[in-house]
């Protein structure tokens, strides 16, 4: 094993068992393979979860945290893109069952903490279910953190799938896979008419398929995305992720205030 | 049938079939039966979902909306309170299966819109999964709205289960069921030490059981709750719910802006 | 909590835990939401299970029995009415899973006895499965009792769904919901030709959908139903239910004879 | 193929497809492998279902009915005898899934009618669920008939498992497998104290395990069983089964009376 | 019970419990009901598994082995013949669930060893899964052995379903059920063009339905089958099975060499 | 997208849809994360499946085949190593459900051919089930090929997990992850005593857990493994895989011989 690697699966079983302790943090990257418009690869969420978690774990390890990374989950819940060829997905039931298997397996090791670093918004709900189930079933401490990308002002807060932030991040991470020239603006302006109905954070949530908005499955405006903005997005996320891992390392929900 | 009732199940099958149209909105109240501390009944979430949805549907109907209400779901996902006697719950898989059955059934009628009015925070994640599944499986328009209760300032934003807002609302709705004298403050002050980890809205979500915080399952400070504050909470929610139903009645994700 | 209420979910968790004992009896009303012809609401079975169980529990409590009531299950197995808009149902697998959840939850309390008071004939088979499963899985004493309604003589014993007895009972319980004028006779007279094939109790059971009989989903003759007959039906059932709860309170399958 | 055989599985696929028609009746024997006391083999219910269905099908065929027999199901729902070594069982979910598979398969053939001849009381509830599911899912006409054995007078109507009737029948069918000398009386006399609680037919059903009654898993009094009584039981059942198959052959739930 | 019978289900529960020991071997015959061309009955695999296991168990018992037989599983995984009327099958999930039930049940007895004698090639994969699951879940020693039939030289190794060997064996076992005159040669000669793709044992496995090969569901050449060859096949298999049971009786994966 | 990449998930959805045709072959690498002794990483099977499939797809593409690769499945069925910390696994049911999801997704694209390149022996059985299910459910042509590694002569044919071949291959692929110094010989010599019982290919299969053999979970003798032997293993496998993909590209089970 390379001395500095924090890839848990690169250890042998006995080495892993000897290395992990009750304070170790194990990170599972959770991606997706799904349609992201004509300018981004279907692996976008997998690439983001994989790369961002790798950077965060490396930095956190250098900062002295006892943190490790598992191989990513590639195939997750993308039913909202089922209509689009190139989406490869499993249902929420199967995703939960898979996460139960991984939680059960982790509970066989000395580690007690699982952190899901998630690249796909459609996974937030099922991962929310899983956090609680794995906490109860296997007595694990469980956390999740999604790779959040900012919206550009001209996106009216609607740049949630293949928009400026995500496209910029991909232009930073894998410029070879971005067909920026084919990116087009896809902002469902009409949504601004609704005060209560909206995406994450709005009081009224709605079930949507990505072809419900009159576009090609993209939500956002990737046209002005650029790699340097993506580098900032990456840097910001990694910083937040490392801070989060540090918080997780000392997290005690029953602890008194400072 | 009483002339003004909007209780869908009070109609006969043929009447229901003749009354509902493609623009009808059907509301399903989603409660829970779970431990809420020693001062609130285990039916708290069911009572809130039931009463708040009934008021909202009645007001919306008076305002001319074509809106109807189904009998509530009482038993839902309360695994975080499994440790506490008095919690009656089913798993996320079973809740999803039940919601699939209700969605499939609704799709047999002329109505195409299902709105979940939810009284229990622990249901937000599985309902999020259901919204999308029912949209895809049965071509329904699906929405959810949770009965949000505000925190008191002294709750540090942590009044999420049995705290000031929920207790006040119950003192308004069912004062006979509130044992206010046995309410005690239960604020995990230590959580303020974490910038990223937190409850709904925080970047880092965590899996918790309600006895993880060093208290008796309550999160919040119900001691200063009072019925008049609860009346305001109710009024505010009903107003938002009615506005939301109006928005839902004209919601078109692919529509242009005003 | 109101002093006299026997609604278990109106207790707080700790109060419930302190109140229930190994001899407490917990009643779960089991309804359905299903087509009952053009004269009865789809909530008929839910209303019957809810009201009849409430009366029985109140009377039994007044008679000194330690008996409590849970909120009703509204959505159950009504696959035989799936064809009819207004039927809202879940499959037998989901009903069993829900009942397992409720049984598991009850086993967390000091109570050991669960009684299902059932308003829907289509639930008898799955409840029969559940009684045995919950007995074995959670070491509960389990019982079921269905709201049986008598047939009128002119129904040839076939008044099993929306007929004279059920309609009369509903005219007593909720006259505002009965459209008696639209009731029509629906007796599959041909069934009398079969000595062995028949409904409950016949040697040969058959799988039927409620539109197999050449009528509109009703089986029976509701035309002569009236509220005073319904009052007698209610009284008879409550008496039997109270007697049954008393028997349940002292039931010992291994006990010697008197 | 032997000219007279009515064993459907002895036909080739093409022959079976050419032989069955929309009026053919296909019988599935449903047994169990479960503890029946120390005097009867664990295959008792399988043997009864197998032998009785074979005789009934042969007689019905000789009487001109277009009736065929499938190989028996040996392993079914015997959870009430799970405690007893020698019981081999699957859960209700698995039994239903198996029956769905058989129903789906039958729907591939020209036949439209499935009759379950059942040897085990514990299967009555899940078979009741299956009758309706298979009717709806595969548009089959579905029926069930259980091998009912009479009680001896001294059994107080409680000879339901390993008692006089069943033991007599087995002494007729397979005397080599009956250890009559080890049979003992096992009548839970105390059950007579309950007016409403009882076995099949009683208003109050209860969930029981076969060791709940203070005996060794038997319910009944096999001590006076004898083979000639068993021969009568067999004869009576076969007659009823043949009459039932005749009724099934002309069964029309929507048909007018004679 | 007949003195010499090794049919486990012919024992009573207590006798079975007293007879089996930790060294007992329990054999479960696993058949199928599936299309085998126009010359063989759909019960072919069930008949082979049943008859061959019975002979093997009898011979092994005479040779002093403590070996017993359960009733056969008739309905198993035959999805590759789903297209053909006369195939009665359950899915792999259901077959596994059934085998888990049988394994759980066996673990209630003193026996610790389960041997599956399998007549159907399509079961090899799911039985492989089951062997490992039952070993882990119930701490059973688990084995499987398929009734292998040889190919005739003119079958080019492709006589795997209804071919020379299987037809010969059936002509030996049940000549009354073989319509030899309707047997035709069905050899997909083109398969010889592939060095790597092939049936069991080939490096590249492929998913096939039995109508993928341009024939009527048969793979092989049954035209020259004869009963005396079948007698040899039977004899060879029984010898191997008895030797295998002897090996199983002393099998110790951690034991040193002789 | 890099011009030469054959990573399907690096395409956008529309590009993927335009690129794939009915003759395209899509390869899914199937790995595992499981204990492989103290000398090999738990990701061994994932690394082998990933690297070997990548080389094979690249070579096949250069040879003109229309072949593409999906991201690997990392977590699969490793129940036989459940006892060993470092094994991360899901059950056969979950693996099948995941593969159904991937098959269903692939059927949304123009491609019709799925090839599983598998690094883990324990997956052979469930993949065998999946090949047939995906063929039937989604009308896909399905194939599997396992990364077979040869045994050294001194392994007596038992080098199946962490032995000479696998260790050599890993010394070639990822020498940084092999702790060759800690490798020890683990040959269950006693297995040679059994003529019929054995690993893949033996007439009698047995269910084993990897700690059943008296060693530490390894089966084989890795002590003489070396990287140059591993390079040959890799070369041989890639050659066979490319030849197999070529055969798959023209595979026609109903085709006549050459």
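All chains are identified by letter, namely A, B, C, D, E and F, in their written order; residue positions are counted from 1 within each chain.
Heads up, the rule we're going with is that a contact is a pair of C-beta atoms (placed from the backbone, for glycine too) under 8 Å apart; a residue touches a chain by one contact, two chains touch by 3 or more.
On a predicted model such as this, the values are computed, not experimentally measured, just so you know.
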Distance from chain E to chain C - Cα centre to Cα centre, in angstrom: 48
Cα-centroid distance, chain C relative to chain F, in whole angstrom: 55
Centroid distance [mean C-alpha coordinates] between chain F and chain E, Å: 27
For chain D, residues that touch 2 or more chains besides their own: 82, 91, 93
Contact graph of the chains (line, ring, star, complete, other): ring
Ring order of chains, beginning at chain C and proceeding to chain D: C, D, E, F, A, B
Residue ranges of chain B touching chain A (in the complex, touch as defined): 77, 79-80, 82, 91-93, 96, 122, 124-136, 140-146, 148, 188-197, 201, 203-209, 212-214, 240, 243-244, 247-248, 251-258
Residues of chain F touching chain A in the complex: 1-2, 7-17, 20, 33-43, 46, 70-75, 81-82, 84-91, 93-94, 97-98, 101-102, 105-106, 108-110, 176-177, 179, 182, 216-217
